[in-house]
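As written, the chains take the letters A, B and C, and residue 1 is the first residue of each chain.
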Amino acid sequence: MEVSAAIIFSAEILGVIAFAVSGALLAIEKKLDLFGIIFLGITPAVGGGVMRDLLLGAVPPYMFRNPIYVFVAFLTAILVFFIKVYIRKNSDRIRLITYQIINIMDAVGLGTFVVVGADTAIHAGFGKNGFLVVTVGVITGVGGGILRDLFIGHIPHIFRKHVYAIAGFVGAFLYYYMYILDLNPIFAMFIGISIVILLRLMATYFKWNLPRVPIEDERR
Amino acid sequence: MEVSAAIIFSAEILGVIAFAVSGALLAIEKKLDLFGIIFLGITPAVGGGVMRDLLLGAVPPYMFRNPIYVFVAFLTAILVFFIKVYIRKNSDRIRLITYQIINIMDAVGLGTFVVVGADTAIHAGFGKNGFLVVTVGVITGVGGGILRDLFIGHIPHIFRKHVYAIAGFVGAFLYYYMYILDLNPIFAMFIGISIVILLRLMATYFKWNLPRVPIEDERR
Amino acid sequence: MEVSAAIIFSAEILGVIAFAVSGALLAIEKKLDLFGIIFLGITPAVGGGVMRDLLLGAVPPYMFRNPIYVFVAFLTAILVFFIKVYIRKNSDRIRLITYQIINIMDAVGLGTFVVVGADTAIHAGFGKNGFLVVTVGVITGVGGGILRDLFIGHIPHIFRKHVYAIAGFVGAFLYYYMYILDLNPIFAMFIGISIVILLRLMATYFKWNLPRVPIEDERR
């Protein structure tokens, strides 16, 4: 039990770091100052959890009750800032490897946030409402990224990205289904998280995309 | 009573459909994928209600306690997607008629959401606070559309649209006034909703607009 | 006590006016209609307080329990509208003086909102959680401005502005520190607010800025 809690926590921290890197890099690209970089590093890391807690009425949100997540995101954003200031010339190869590492960490984060979010909803007493559990789980996973994109004036990335929220839905649904079947919760968590990671990595590798409406005569 | 509840519910569903169509069409225009289309279909349909419930402390929001609204918006978005994929060439006439039907449904939705929102605030125990009741009613009606526009990077449409939020204000205010006068609530609802619909249709027909500051020498 | 409460209240009202002017001017620049101008005047004035109250679970938010702030912001926005309509040709000198007055009032508002926000968090029972108190204080001060910028499609100004949120942090932190030291709360409030005002005016005067990452080869 102790060990599994430690593994879940480590996965959460990996996710926080990946999400914070994504926010800090976007902030730098948009020429924001150090405060903006830190703010946009923290937003994707804790924004989904804040939404979850507001929706469940669990106030003040968890980020205030256990500041470790904000603190890790804060340090990550600072680190990204210094790396960007001092290491300005990256080879394309380093760029690619960095991108791939971040992508894997992001998948770990998405999976963990979604499953932990669904689990939080169950423990808040909504175990009988599968629609709520799954939706709140997905919001926990993707809400922070949506906020991040809104803050820098982008249409949220998950509305166009290779199968992202859908991977979260599958993970949350599976986790909830195993909860209904009364399986071991730790086991269910690992399965749920693993499925999300697997789907995300396959979606990236095979460039899966959801269908769109083909548009020819567009005004814009 | 039963019959009037059914009529109110039908009006709500008409509104959900109209709001979902508006979101889905914008998502398609912005080239979002199917997830984005569904998300942007659901957002305007339930976003205002979520804001209302968070402001009133009625958590989890009603959309989680009765998923029918999300479900209808979901189906509507899917339907819009398929119509857009398979029926690509519209005549201008069909476009115009469609637009007019949606506009009427949107007016029905706005009126119903505003009045039901105000009524929810009253039943949550805030009947003595007219400012709260009217404001929360209007937020219920227009909040989802504001979120929709933020998500796709537009300045919210209601900040420039022919008398929209104002129509909602009039409806919410009238409903509250009739509540104070202790009139029959069902009667008050129908009057409130009808006024909003009437104002919206007249605003569209006569191209009413609120005043702006005329700007000549603009920098941007 | 009475006198100090009156001073704090006056400082809040100065802040509400300054924030409302900022929102109304942006709305006019973006060619919004009168409703948009009023909405964008009210948003920065009360948005941070609404966020604070939602995070603390103090619902309905204070703006609904005491509408004076909304009312002042409403009147301010209307006034800005009429001034802009009737006094179209400003000399550069009047423009500059107006800007400077607004900037001072904005500093007063930021300081007061931050300290009152931190104080609200303490009185809501979170006095032992310094991280929460300081963060909620800063959110109270800057949250409304972030919302205002999102609504008009700008990247929030405080992500690039001369030392703004940082000034709020310093004020909230100092106020909390004096609370821990059990100093007289009124005294602590005045010190906290004064520090924020001082930092903001110095930041504007000396053009202090937080560091950014210098970017040469930018794609966009």
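Things worth noting here:
By our rule, contacts are C-beta pairs under 8 Å (C-beta built on N, C-alpha and C of every residue); 3 or more make two chains touch, one makes a residue touch a chain.
Keep in mind that this is a model prediction, so the values were computed, not measured.
Chains compared, subunit A against subunit C: the Cα-based superposition rotates one onto the other by 120 degrees, nearest 5. Look at the contact of subunit A with subunit B and you find different residues on each copy: under half of the numbers used there are shared. Subunit A and subunit B have CA centres that are 30 Å apart. Residue numbers of subunit C whose C-beta contacts span two or more other chains: 54, 57, 150, 153.
Note for the complex: subunit C touches subunit B at residues 27-37, 39-40, 50, 54, 57, 59-61, 64-65, 67, 70, 81, 84-85, 150-153. Contacts from subunit B toward subunit C in the complex involve residues 54-57, 126, 129, 131-132, 135-136, 146, 150, 153-156, 158-161, 164-166, 209-215, 218, 220.
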